[in-house]
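The data blocks that follow each hold one structure.
Two complexes, one shared chain (subunit A), two partners (subunit B, subunit C).
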Partner chain A sequence: MRKLILFLFALIGLVAPLHAQNTRLFVVVNAKNPIASLSEKEAVNLFLGRSKTFANGEYALPLDHATSSAVRKRFYYDLTGKPISEINAYWARLFFSGQGTPPRIVPDNEAMLLIIRNNPGAIGYFDYEPTGRQLKVVLTLDSR
Partner chain B sequence: MDQPPAFSYRYLISLVSNEVVSKTHPDPMRSPPGRALSRRTPASKDSAMRAMNRRSFAACSAALMGSFFGASIVGASESALDGSLSVSGFGTLGLVYSSQPDLPFVREISQNIDAIERISARQDSRLGIQINYQPLPELELVAQVVVRDKVDNTLSNSVEWAFAKWEPIPATSLRLGRVGLDLFLLSDQRNIAYSYSWVRPPVEFYGWLPLYSLDGGDLTWRTDLGDGQLKAKLFAGRSLPADVKLTGNPIRFAVSPAVGINISWEDVHWRWRAGYTRSRVDLDYAAPSDLIDALKQVAPLWPHAQTLLDSFEVRGTDLTYAGVGGAYDDGRWQIIGEYSRTAVERVSMPRGKKAYLSVGHRFGAWLPYLMYADSTDRRSLVVAEPGNPMLTPLWVASTAAINQRSMTQRTWSLGARWDVASNTALKFQFDHVSAPPEGRWLWYRQGAGGSDLMPLHVDTNVFSATLDVLF
Partner chain C sequence: MTMHFRTLQALLSALVGGTALLLAVVASLFVYSAQYRQSAKESGEMVQSLVSTVERSAAVAVFAGNVEIATDVVSGLLSNEVVASATLKSNSGILAQRRRAEARAPVSLYRQVIRSPFQGDEPIGVLEIGSNADWVAERARRSALELVAWSFGLICLSALISLQTIRHLLSRHLTRAAQQLDEIEPGSSARVQLPQSLRPTEVGGLISKLNQLLDRIALNLETERRLRAGVEESARELQATQLELMRSEKMAALGSLVEGVAHQLGEPIGNSLSVVGTLAESTQAISKRAHDEIKRPELDAFLADVACGTDFVLRNVQRVSEFLHNFKQVAVEIRSEKPQRFELRNIVGEVLAAHQDSCESAAPAVVGDIAGGIELVSFPEPLKVAVGNLIENAMVHGLAGRQTGSVRVRGWRVDERSVRITVCDDGCGITAANLPRIFEPFFTTRFGTGGSGLGLYVVRNVVENVLGGAVHAESEDGKGTTITLDLPVQIGD
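This part shows the complex of A and B:
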C-alpha cells in the first residue's frame, strides 16, 4: 500500500499545470443588445447558469464551445480559476439533480458567430476578437 | 429588444447541428419561424444551409467524441419532438476489497449485503439515465432511472426522480412528482460520482439513511446575495421506501410525511448549506419480523418482551434531522465538511451526531485528498436476563439488535481522483474503518447465524477503485 501511495504521489509530481497562454478571450454579444459591458461576475453568473437574464432583464442565451475544446478550457479557467473537470462536475451536479441546464454547445466559431449575429440575447466567447457590425465585445478576459 | 431577430436561433441550431444542440430555451426574443425566414433571400438561405450541412459533420464527430453535454443528447429527437428532448446519463464501475474476513463493506444500509463478497463490484457500480423534456419555456419534465445495488430492485423503485418543474416567474420554481430527498449537502448527487472527488460520499454521513427520493414536491426561491446566489427550498412528501437488511430478513423503511427547509448560498468558490427536516417513521418495527413475532409469542411468559417490543415499535415516531455543510473550491484547494444531528424517540433507530471533513489539492489532472468521518450514536437498553434459559437466545438477539446496532464508526480515507478525459474520472481510495462492538449498523455479518450477534470490533481496510463517466 505504501508503495502504491508513493507511486501515486510520484505521478502527481509529473503532471505539471498547463497554463502558459498569454492571449486574451473575448466575450461577444449581438450589437443590438443594449448592455455596453459585462463584469466578470455577471459572466460567471450567465455561464454557470445562476442568472438567466442580462442586467436589463432580457433573457440570455449563453453558448459554449465543444466540451473538450481548448478554448472552453481556457475560458472557464480564466473566468473562475477552475479546471474544466470541475466545471463539468458542477454541471453534472446541477443537471442530474434537475436544477439547471448547461449552456448550449455549438460545434465551432462560425456557428457561434452565426447564432450571435441572429439573436440579440445570445452570448458567446472567442479566442480572437471577432469583427462585424452585428457584434459587440462586452468583456475581455486576460489569461490567469 | 425592439427588433425581432432575423430568424430564430432554434432554427439555426437545428440546421447547424441536430446532434449537438437540441434543448429549447425560454427565449422571449424568438420570432415566429415563418416570418423570420422570409427576411432572408432564397440565395443566401441556400448557401447558408449548405455551409451548415457541412458543419453538421463536425457536429456529429464532436458528439461522438463522447463529450458530456454534446453526446448526451439523442440526435433524432430534435425533429421528432421539436428540439426539447434530451437523454443523458452517468455511470460508475467500481471494485471494492475489504480486509476483515466475513465483514463485507457496504456503502449504505439498503445494499444487499448477503450478495456482497470480500471483493465486490456491487457497492459503487451504478448506471443512470436521465430524460429531460421541455414542452414549454417555463415547464420541464425530468425523469431519472438509476440501477444500483439494492436489497429489493424493481423498476418502480429505480425511478430516482420523475417530476414536472414549473418556473412561472424567474427565480421561483415548483417541482411536483418524485424529487430528491434533500437532507445533505450532496443529497441529489450521491449517485453521480463524477460530480465529487471521492469514490463515494462518506458512509458515516451518507450510509445510514437509504432514502433518496421523495414523492411530493418542493418550492425553490433564488436571489442574488453578495457575490453569490441564495436559495431557499421548502419540501414535503413521502419518501420512497427502501428495504434494509439488519439481519437476513429485510425490513422496509420509509418516512411519511417528511417536511423540510434548506437554505443554501453558493458563489464561485464557496457553497454553504443549512437544513432542517422533520419526518414521521413509516414502519411498524425497526427489527426483522421473525424477531418481532418471537417476542410477541413469548410476551405472556416474559414481561420484558413487551419492553423490547415497545422499543422496536417505531410507527409514527418523529425523526428530525438538522445539518450544516460547507464546501470550498478555488481550483486548487478543495475542502468539504458537514455536521448533522439526528433525533428519534426510539432507541432502535439510528440517531446522534455525524461529521466529516475532507481536504484535497489539485495537481493538474490529479486530486489527492484526505478525509475523516465520524458517526456517534449512543444507545443502550438494559433488560434483565430472563429466568427461563429457553428465552436466553431471544433475549440476546433482541437486546443486541438495539445495543449492537448503533451507527457508531469512524473512517480515515486517503484517495485520489484522476481526470483522464473531460467526461471520465478514475479514482482510487483507501479507507481505514473502525467501529466498536456496538457500532454494527452497517456491519451485519453474513451467513454467520448466531455468531452475527457476538461482539466484534470492526477494524478493516477497504481498497476501492472506480471509473466514473458522464455521457
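This part shows the complex of A and C:
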C-alpha cells in the first residue's frame, strides 16, 4: 500500500513538471543583455514592432516561431489576449504600408536558442524553460 | 391698400395663392431649422459610424506609429463629405492630419480615444474628426427646399382643383343667374333657372330666394296695377259726376239768374208799362178834346197826371238802370289790360273819399286803417269795386237805421307774397242761417227795398277770378260782421 502511494506521488512528481512546462511560456534573452526583467507591455511593444529597442537603448532583435506553430499561437494569445489571426492581420496591414518588419521567423527552438546565444539583442520565447549560461529568462507568461 | 377683384374666382385665386405662398415660406423656415438639427444629428451619427469603421486601422497606425496607415485613415475619412477635418494623434504627437480646403469652422469636433489593440484599454492616441458645417447646412437646405417645393406644388394643385370646383359650382351658376335676372322683366312670369343638382346648395337657396322675391314683386306689381286701374276708374266716374253736377248747377244758376233778372226787372218795367199805358190813354183822351175846347181844369188834371206818371216811370227806369249797372259787374273778368303797380293805401283812400261824397254827414264814419308802403301789382279798379261794395253793405245792412256804430277798413301785409284787407262793422250781423248763402247771386234780405243780392256775389267774383285771392265772412248775429279779403301782392303769383 505504501509502495502504491509512493508510486502515485512519484507519478505526480513526474507528471507535474511536464504539465507545468505546457502551461507556461518563457521569454528569453542573451545573458549579456543588461535588463533583468521585462514587463508584459514591453514584450508586446517589442514583439509587435512598437519598440525597436530595449529600455536601455539596446537594439532589439525579436524572434518568432513558425507562422502556423502552436507555440506562437499560444504566445500571442497569452501576451495580448488576441487570436493569432488578428496578429497576422496586423502584420499584413503593416506589411502593405511598406513600413514595419515582423519578428524574424526561425524554424525551431534550437535555431532560436542558437540565435539568442550568439546575439546580445535577440529575444525569443519557448514553451519550456531553457537552461544554459548564455541565456536569461526575463518574463514568464501564465496561460490565460 | 384695397384691391378690387372683378370675379369671385380672381378673389379666391389671390387668397389661395397668397395663403399657399405664405404657408410654403413658413413651412420652409420651419423645415429648414428642423432639417438643420436633424442633419447635424445625422452627421454626428455618420461620424460615429465612420469612427467605428476606421477605429481598428487608427489603432494599428497609432500603435505602430505608422504614418502611412495614419494618413490612409485620415484621407479615407475626408473622402466622406460629412467630414471637414481629421487628425490622428499618438501620445507623442500628430501622426496625420487633413483638412478640407474650402471648409468653414466645423460644426462640432468628435474626439475618439484610440486604445491599444493589444494591451487592454490603455489609451495610446486620439482621433479627432470635425464635421462639415457647410455640408450639414447644404443638406438641410436641400431637403427643406425639396419639401417646400413639394408642399407648394401640392397646395397649388389642391387650390387649383378647389378653384375649378368653385368655378364650376358657384361662379358659373351665379353669372348665369345674374344674366337671367338681367333679362327678366319685373312682373313677368319668367324665373331664374335652377339646376336640379344645385337645389340643396347655398346657390340653390339664393336662386330660389331670388325667385320668391320675383314672385312677390310680380304680385305687388299686379296689385298696384289693379289699384291704379280702380283709382283711374273712380276718378273717371268722379269726373263724370262732377261734370254732371256742374252742368245741373249751371242750369240751376242760369235758372236762378233768369228768375232773378226777371224778378228784378219785371216789377219796375211792369209798373212803368201800366203807368205809361195810363198816360197814353190820358193823352189820347185829351188830344181828342183838343179839336174842341179844352177846359182849364181838365188840362191841369192831365198835366198833373203826366208829371206824376213820368216821375214814377223815371224812378222805375232808374232802378232798372241801376240793376243793370250792378249786373254788368257780375260779368267782370280779367281784361286785356296789364296789372298796375299801386299803393294799397291810396286805392282804399279813393274808395273812402268817393263814399264820403255820396252820403250824408250824419251817417256813421268809415275809418281807413291801411299800413303804408304796401305796393301791389294788380288791378286797382276791380279792387275798388270790391271794397266799395263791402263798405256799402256795412252801411246799408250792418248799420241800417243806426246813428252810432263804425265801419273799419284795415289792410296789412301777411307775408312776402300776400296782403289781407278786412271790412269790419259793429252792426246787426248775419244770422247763422244766412251766413252760408250771402255770396250767392240774388241772395238778399232786402228784396224790394233796393237789394239786388249781387253785391257779395260780385265781390267774390272779382276777388277770386280777377285778383286771384280769397274771401270769407265771419259774423255773429247782433255783434257785427267782418269780411276778409286775402290777396296776392303780385297778380299771377
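Simple rule for what comes next: the second predicted complex is superposed on the first by the 122 of 144 C-alpha atoms of A that agree within 3 Å, B and C clash if a C-alpha of one lies under 4 Å from a C-alpha of the other, contacts with A are read in each partner's own complex, and residues count from 1 in each chain.
By definition in this document, contacts are C-beta pairs under 8 Å (C-beta built on N, C-alpha and C of every residue); 3 or more make two chains touch, one makes a residue touch a chain.
Fair warning: this is a prediction, and the values are worked out from it, not measured in the lab.
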item	value
Which superposed partner A:T101 touches (first subunit B, second subunit C, both, neither)	first
Which superposed partner A:S143 touches (first subunit B, second subunit C, both, neither)	neither
Partner chain in contact with A:K32 - subunit B first, subunit C second, else both or neither	first
First, second, both or neither for A:A66, with subunit B first and subunit C second	first
Subunit A: partner with more touched residues, subunit B or subunit C	B
Contacts of A:N118 with subunit B and subunit C, given as first, second, both or neither	first
Partner chain(s) touched by A:T23 [first = subunit B, second = subunit C, both, neither]	neither
Which superposed partner A:T80 touches (first subunit B, second subunit C, both, neither)	both
Doubly contacted subunit A residues - partners subunit C and subunit B	41, 44, 48, 50, 80-82, 86, 90, 93, 97-99
For the subunit B and subunit A complex, residues of the former touching the latter	1, 3, 5-9, 12-13, 16-17, 20-21, 23, 25-29, 48, 51-52, 55-56, 58-59, 62, 65, 67-70, 88, 90, 128, 130, 132, 140, 142, 144, 161, 163, 165, 170, 175, 179-180, 188-189, 191-192, 194-196, 224, 227-229, 266, 268, 329-332, 362-366, 368, 414, 416, 419, 421-423, 425, 428, 430, 461, 463, 470
List of subunit A residues in touch with subunit B within their complex	1, 4-5, 8-9, 11-13, 15-18, 30, 32, 41, 44-45, 48, 50-53, 58-59, 61, 64, 66-68, 77, 80-86, 88-93, 95-99, 101-102, 104-108, 110-111, 114-115, 117-122
Footprint of subunit C on subunit A - complex, ascending	40-41, 44, 48-50, 79-82, 86, 90, 93-94, 97-100
In the complex with subunit A, residue positions of subunit C that touch it	57, 60, 63-69, 72, 116-120, 122
